[in-house]
Amino acid sequence: MSLRVGVVGATGYVGAELARWILGHPHLTLSAATSRDHAGAPLAQAVPALEGFTDVRLSAPDSAALCALDVVMLATPHGVSRTLVGDLATAPIIVDLSRDHRHAPGWVYGQPEWNGAALPGATRIAAPGCFATALILSTAPLIASGAAAGPLSIVAATGSTGSGATPKSAAHHPTRFVNLRAYKVLQHQHIPEVRGMLEQLGQTPDLRFVPWSAPVDRGIFATTLLTPRSGADIAAIFADAYETAPLVRLREESPALRCVRGSVLADIAVEQRDGAAAVLCAIDNLGRGAAGQAIAALNLALGLPADEGLRFIPLTP
Amino acid sequence: MSLRVGVVGATGYVGAELARWILGHPHLTLSAATSRDHAGAPLAQAVPALEGFTDVRLSAPDSAALCALDVVMLATPHGVSRTLVGDLATAPIIVDLSRDHRHAPGWVYGQPEWNGAALPGATRIAAPGCFATALILSTAPLIASGAAAGPLSIVAATGSTGSGATPKSAAHHPTRFVNLRAYKVLQHQHIPEVRGMLEQLGQTPDLRFVPWSAPVDRGIFATTLLTPRSGADIAAIFADAYETAPLVRLREESPALRCVRGSVLADIAVEQRDGAAAVLCAIDNLGRGAAGQAIAALNLALGLPADEGLRFIPLTP
Amino acid sequence: MSLRVGVVGATGYVGAELARWILGHPHLTLSAATSRDHAGAPLAQAVPALEGFTDVRLSAPDSAALCALDVVMLATPHGVSRTLVGDLATAPIIVDLSRDHRHAPGWVYGQPEWNGAALPGATRIAAPGCFATALILSTAPLIASGAAAGPLSIVAATGSTGSGATPKSAAHHPTRFVNLRAYKVLQHQHIPEVRGMLEQLGQTPDLRFVPWSAPVDRGIFATTLLTPRSGADIAAIFADAYETAPLVRLREESPALRCVRGSVLADIAVEQRDGAAAVLCAIDNLGRGAAGQAIAALNLALGLPADEGLRFIPLTP
Amino acid sequence: MSLRVGVVGATGYVGAELARWILGHPHLTLSAATSRDHAGAPLAQAVPALEGFTDVRLSAPDSAALCALDVVMLATPHGVSRTLVGDLATAPIIVDLSRDHRHAPGWVYGQPEWNGAALPGATRIAAPGCFATALILSTAPLIASGAAAGPLSIVAATGSTGSGATPKSAAHHPTRFVNLRAYKVLQHQHIPEVRGMLEQLGQTPDLRFVPWSAPVDRGIFATTLLTPRSGADIAAIFADAYETAPLVRLREESPALRCVRGSVLADIAVEQRDGAAAVLCAIDNLGRGAAGQAIAALNLALGLPADEGLRFIPLTP
């Protein structure tokens, strides 16, 4: 099988990450990459890390040309994808990485571990966001098992690539460096997406979420604190939940951003003592939190193993 | 007033930070600095940032010489201070920055905001630790007011100087850089110190604490999540608690490590919505979390304003 | 003596750094701070690190009000200062930190070590740029003594604050972090400023300069490689040149950005062996490379010691 | 072809990097990994990033077992390799990544671009060091062509992994972070290795080298300044030299550490103007500067393309 893939918005961070994964995938070919700003230039000029790995030239988005491909992947800003999709009605498969179609009718939420059963054969896939991915992976086993009494208190830190490729204050090096701060405290926009997924598991979660802005480029590191129900063995619940998941690694020690950097892996550990429990989760926000997970969902839609073409070995250190 | 101060363990990070504060203090003179390893060398050779600001030479610790000074400050490893103090019985004032005498009989816990009333005239002062400082400042108003229902869920990240000046795995640059991880999950050794302080305020707190190791050098950034009791106005409680505290700044926006770096300030903000509240606190672990706060306690012991000699203006950015 | 100072452009990085130094200076008072964008807001709201240290409110620039002060300091973009100065003809003293008046007629170049003799009584002072400062301090002793045969080969790295407070691609955290790159190779715009100063010392230098962009926020770290003339003792030449300079520290070991961070100090070391020599220089680009050095020049203009109000003790670590 | 490879010293940074490359190589199998300290433990426990990618257990070094493999790769400290090799006389192929056998009799220096012709069939390969690699790639075209008049002035910065996995002062996070400094100025131990290679090209180079310690984990970034001989076109010389080299990318813009991170690529750019020239080079010190280049040399020894199994696509950003 060899599918021709077009990436819309290929010069953003999610688009460039998609290109990286597609170029290394045995069944996908990067056939088109669009960019309004850089049309005509080689992709590897706009994304210099790709020099030597692709001859694809950037083009302006062209619906007819995109619909002639096998797969269209939208790495466009929130709000733009919705508009584009109207012109892509005949595209065989669309994967939207923006938030525009998450839990939208006719679209399948592309979370491999918790919505994987819905993915085979799907042709309209909405890929999860980065915070949502870390929070779903950290809390879904609790929700599905009913093991938590009371609220889930979550602190999760994000790297600066989460702010996108366009320079902005929140990702300005002089203020990001040597710093930690919180933002959108108790009101983060990703919470509805998380609830949307968790409520399918049968319980309405009480989530309290504080996102931090961390001085790293890639990664989401999350800690969830909870009160286990009497007798609940949280580690066992996670072991059951992820036993056969190829893109989750259960850890004895704390996960670390370093060990998942560049990969689609989610590293998770659980600690329980004195009537409390903590769930720790580390992912790469562009790998597992965006492009890589979108490919995993596409793999499942195509009948391939979730981790096909995604077995990137993280660096040490 | 001009007091002669000796710093024991002056080449560690806490000792060097003490030297910085003492050299800039209008009523303190750095008269002695000891180091077993560097005795005989100029202090500014072992601590090159101090070049040009002091001619003090390092000496081996000498109890008699130290007792002849006005103040002895112990920046020695945990366990060493206890031994040293036996030979310093005639020292007029001792400030111990290790954990050896926190809540020990005859010693006053040097936390300016919550134990300040006990400090005037004190001659044996045990300075708080860095995590304990951030956690006490974040939770004491809740405990004193009884405003929280249920547990306090806390995530706090520390900079690498918290591991000390001796190279070790946890502070090895290749693994610390580009990383976030947790450690001692739900079991941190600073919790008893925090409880010791909070229980004096009349309530036994249920603290759940996950420390993170962050890729910065200085700072503690803490987030406390809680369920407020019905009707409790958490922001008002914090405003009351710290209204006149010269070394606390209540913030509308999230605190940021950058804005307290190098200072003794604690920046704190509160957010409350939908039945939950979050307390955010940023301090410099060596400034507010160790040496600077020890000087603040000494100031109070001497009848000086808490922030005497400590009005360092943080850098931008 | 107490002089009222106005800072034009107080919310940029150079302006905020000026405010920091002025607020800590025994003979200067921060009387006005202007900002087109934030007029009406407290300065400490736009520059949160200053909270608690000043009640000054930002105002729109008003020439008449500025001329009524004792000193006007222009932390405005290149090109803007030139325009402003036309309306500030009656201002008693103007210090321009942009490049608009460096080596302009009627203006004194505010480099304390090499143009200090021209500063007493000066009322129009053009403060040097950050790269120029590091390069002048590194090369002027060589030029003044004629000790170098052939070209001076210079590599110098800058921190991200050199790009200013407005987010832009060169200072975008995701690309700056974990990175080193060069830019404007052999063609940097600061070279004419350096030549302007050095030619006054009697020799036209052959400078070859490659600036690097480094993943730190503050600092310039420079290495100059040269062939010493036969018999020249480069270390002795530097010792002579800076023996009495209060804001230069000659070092045995390599300087380090850490040890000058936040200060107006320049740390310099020299190594000579096998027919070659290297000069190493570390400064803080906002402290020594902009605002702090401007205050030092103002000090000299006012008859004060160069380092009055500038004796900031750098942090360890 | 499938060769069984043993890595001696697999838990150091070079050893772990070797494991990463071998695990992803189509013709190599990681059959043994030794460690004196962790013998018996799974490799993925000592090197957690490898979890899920290998079941190999660490063993104590055993000469007989190693000699039974097809390839032994020594990622042992300088001095240790020399001793080990005595017991590995019957090993079919040995690749030593320490400096013990560089330019030693009977060993082939494993630099693919400049010693590639000597590699096919080699059974004793000494892999180059990280600084040496960056310096050879930057200067060999100049030396081979005789295009430079006078000395080569070189500044090159290294990441902290160059100091190894054992915590030590030079790689202690609190002092490495937010810092730049130089060390071993004009006397670096890698210069003889570089001269050894360059002198084979017919000219004794006058190298002046200042290494910097940079606040990144991986990478060598080098700038070489020189005076071109009259009429020399340095860019053309480099284009000729590396036209067909699969692991070199010639760049229009400055190379950047980010764009080679994790790869075996060397990115190089040249600038020439006003009688001077600059050569810029970026490599990953563990990828191109150690393990990856060693595999490239092994590939050539085995008759494979130099970049076989090494076509890692660098991340953006």
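In this document, chain identifiers A, B, C and D correspond to the written order of the chains, with residue numbering beginning at 1 in each.
In this text, a residue touches a chain if its C-beta (ideal position, glycine included) is under 8 Å from a C-beta of that chain, and two chains touch if they have at least 3 such contacts.
Computed from a predicted structure; not experimentally measured.
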By Cα centroid distance, the chain farthest from chain A is C
Once you count every C-beta pair in contact for both, which comes out on top, B-C or C-D? C-D
Same or different for chain A and chain D, where same means more than half of the interface numbers show up on both copies? same
Here the gap between chain A and chain C, centre to centre from mean Cα coordinates and rounded to Å, is 44
Could you tell me the distance, in whole angstrom, between the mean C-alpha positions of chain B and chain C? 34
Using mean CA coordinates as chain centres, what's the gap between chain C and chain D in Å? 39
Going by the touch rule set out above, which residues of chain D reach two or more other chains? 13, 161, 174, 178, 215-218, 256, 258, 317
Quick check: in the complex, which residue numbers of chain A touch chain B? 150-151, 153, 155, 157, 174-175, 178-183, 185-187, 208, 210, 212, 214-219, 221, 223, 225, 227, 254-258, 261, 271-274, 276-278, 280, 282, 317
Per the contact definition, I'd like the list of chain D residues that touch chain B in the complex. 13, 159-161, 163, 165, 167-169, 171-174, 176-178, 215-217
Which residues of chain A touch chain D in their complex? 13, 16-17, 20, 23-24, 47-53, 161, 178, 217-218, 249, 251, 253, 256, 258-259, 262, 265, 311, 313-317
